[in-house]
Every structure is written in C-alpha cells, then in structure tokens.
Amino acid sequence: MKVIVDFCLVPVGVEVSVSKYIVECERILSETGLKTQLHAYGTNIEGEWDDVFAAVKRCHERVHEMGVLRISSTIRLGTRTDREQSMDDKIRSVREKLQTS
Amino acid sequence: MKVIVDFCLVPVGVEVSVSKYIVECERILSETGLKTQLHAYGTNIEGEWDDVFAAVKRCHERVHEMGVLRISSTIRLGTRTDREQSMDDKIRSVREKLQTS
Amino acid sequence: MKVIVDFCLVPVGVEVSVSKYIVECERILSETGLKTQLHAYGTNIEGEWDDVFAAVKRCHERVHEMGVLRISSTIRLGTRTDREQSMDDKIRSVREKLQTS
Amino acid sequence: MKVIVDFCLVPVGVEVSVSKYIVECERILSETGLKTQLHAYGTNIEGEWDDVFAAVKRCHERVHEMGVLRISSTIRLGTRTDREQSMDDKIRSVREKLQTS
C-alpha cells in the first residue's frame, strides 16, 4: 500500500529554535531514498507504507537520541486504491485547473 | 518506544455519514488489545510504536476493503523518554490542576 | 456556521511538562460557555465558528502572556450543512453501531 | 498576532477527486493577498491571525456553497513572540544547516 504523508515533528522541552532537529530528520529522510519535499510546516513523504513509517519512527528515535525528552508530531496520511497518485500529480492537478479557468 | 497517538480516519468519495467505517476501525482497535479511547473527533491509542502503527495500517486496509477508494487520516503522536506517561496520566494531570486552583 | 473542533496546543521552548498551560486553556474554554470535552491528546470544542476560533485565539494569547515564546497547535475542524450534529451525536452514532453488531 | 498556518481541507461525501474544491480555495486565498504556498498535502498561509482565519472560514463557506455537505479540515498553526519569522525563514533555516554540515 502506497501512502503520501505530511509529517511535522515538534520537539518539546528544548530551546525555541528547533531547526537543528528538523535538519537531522531531513537527513534521515533523504538517506531512505523516499521521495520527500520540505515545506514551511512539515515535510511531504511518498512511498510504501512500511518504508514511510519506518522513516518517521527513525526520526523520533534520533531526535530523542539528540537529547530531546518529549516529541509531539502530527501526520496527515493519504492512501487510495483507485489509482496511483504521486505528490507531483496532486500539485499539478491543482495548478493546471488554476491556470485554465 | 511507547507512543500515545490520536488517530482520525476520514473516508473520501463515499456518503456523508461515515460512522460505519469508524465503527469497523473501533472493532479492529479493540481486537488489538491496545488501550484506546474514542472521542468526538478521533481515537486515542496507547501502546508500543510498532503495535500502534500496525493497527493504524490495518484500519486503512480494512476501510479500503469495504470499498472506500480514498482515505485521508490525521495522527497526532507523542513519545517521551523522561518517564512513562499513560493517557490517563495526561488527563488526570490537567484535571487535578484545574480543581486545586 | 457551526463547527466541531479538536484543538491541541503545544508550547515550545519551555519545560517538558506543559500541563499548566493546558489547564489555563481549559479555564479559558470553560469561561466561554462553549461545549468542550478534554481527552488525552486535545480538547473537542463545539459552537459557532467565530466563537470557537475566538476561544482558540485567546488560548494562544494567554499562553504567550504566561511567557511561552512559541506555540505550535493543531486543529481538526468539521462543518456540515446537511444537518446539525453535536459531539455527543458523533460518539453515540459509533457506540450504537458497535453494540448492535 | 502573526500566525503561520498549514491548512488542508478535505471535502466529505463527494467524488474521490477533490481538486476542483482545492482550486477554489487557492483562488480565495490568492484574492486575500496573504502569502501562501501550496504543497502536496495542504497550503501554508502567513499573515495576521484574523485575516488568516477569515480566509479559512471563507474556504469552508465557499466549498459548502459548491454543494459539499461535509468538510473535515486540519490546521497546524504556529505563533511566536520572540521574533518575526516568515515561512521563507523557516525553510531557509533548515536548508542552510543541511548544506553546511
């Protein structure tokens, strides 16, 4: 089962600036070979369910290893069985309709 | 790694009333033996990471088997390494402070 | 327009235990007279759109006043125009179907 | 109070393909003059709290006007009082640290 996920990890109980933890997660995600896209409030990830959630788990484990005692993340996750749809397809579908109307 | 999750599954492309799909997920979750608590906009689930996410995956698979072509879920997920904290602990902690002030 | 919301506020850059901020939000919400229900990973709120979002804004303002420099919240929000549905209706609908099958 | 929001609207009870509703929301958001950025699982929006949430409300109202009986959206929302931070700042902060290490 393929899944498109939008993942946002929030370290709790540390300093206000949390980008170093997000950077570490970006590194983990890029090592997985999964297709990902960073945005201003999370990261889109596309792939097989087990691969994607193994990557999410690895991010939590690694951020805890960096000394963060508490993490509160949010995930949006979409699956569909009618057809394959990539992250690019989703954005293109909206952009094309925006231009032609 | 223990996790407390708040899971909300939204079937897309079917009728407006989606409770039969939520009921099926509740059944799946109860069969896992994981501690769960239904609320008006999702279900809290507490347990080992792999068990919890296997249950979430099983819900997506089952709702697709019921004929739903597209699902868009959201998950909040909390992990902490400083101490074990149950769902009951979280609620009790807030309720006690509310009463004593 | 009525809305049912599920609101979870996460203070960032403070101590690991954040219950005192959640308690303050619960107080603010109870003062509004809106119907609310605390659960282990957020609070359900039911009411008119403007009232509900004014309450959410007041929570952010108040938690900042308490000295928290950064907040990252999540909200699920449901609206429907086919009929009025309360938080209790949603839970009852699932519970009844669970028992009769 | 400035806010950075990540907004994802999910129409319920309609066809599987929902891009025409997302397109309409993108139009509404672009008319507001708020800074926005579409991604594969939502749209980032940056601006004053009241302006941003008025836009979100307008999206719900408009999608209902288009005939959708039920909507289930999710919002991430971040506020901070230590300094102004734009969506671009957030992404740049992560990208720079990724490159220099």
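Note that the chains are named A, B, C and D in the order they appear, and that numbering of residues resets to 1 at the start of each chain.
Basically, contacts are C-beta pairs under 8 Å (C-beta built on N, C-alpha and C of every residue); 3 or more make two chains touch, one makes a residue touch a chain.
Remember, it's a predicted structure, so these values are computed and weren't measured experimentally.
Peer 1: With over half of the numbers shared counting as same, classify the chain B/chain C interface as same or different.
Peer 2: Chain B vs chain C: same; shared/all numbers exceeds half.
Peer 1: Name the chain whose C-alpha centroid is most distant from the C-alpha centroid of chain B.
Peer 2: Max centre-to-centre separation from chain B belongs to D.
Peer 1: Could you compare the number of C-beta pairs in contact for A-C with that for A-D and name the larger?
Peer 2: A-D is joined by more C-beta pairs in contact.
Peer 1: Go ahead and note the Å separation of the Cα centroids belonging to chain A and chain C.
Peer 2: Taking the mean C-alpha position of each chain, the two centres sit 25 Å apart.
Peer 1: Taking the mean of the CA coordinates per chain, how far is chain A from chain D in Å?
Peer 2: 17
Peer 1: Going by the contact rule already set, what residues in chain A reach two or more other chains?
Peer 2: In chain A, residues 16, 69-70, 72, 74, 76, 78, 80, 82 touch at least two other chains, as defined above.
Peer 1: Specify the contact topology among the chains shown, as one of line, ring, star, complete or other.
Peer 2: complete
Peer 1: Would you mind writing out the residues of chain D in touch with chain A in their complex?
Peer 2: 4-6, 8, 16-17, 19-20, 22-23, 26-27, 37-42, 44, 46, 74, 76, 78, 80, 82, 87-88, 90-91, 93-95, 97-98, 101
Peer 1: Considering the complex alone, what residue numbers of chain A touch chain C?
Peer 2: Within the complex, chain A contacts chain C at residues 10-16, 18, 69-70, 72, 74.
Peer 1: Which residues of chain A touch chain B in the complex?
Peer 2: Those in contact with chain B are residues 1, 49, 53, 57, 60-61, 64, 69-82.
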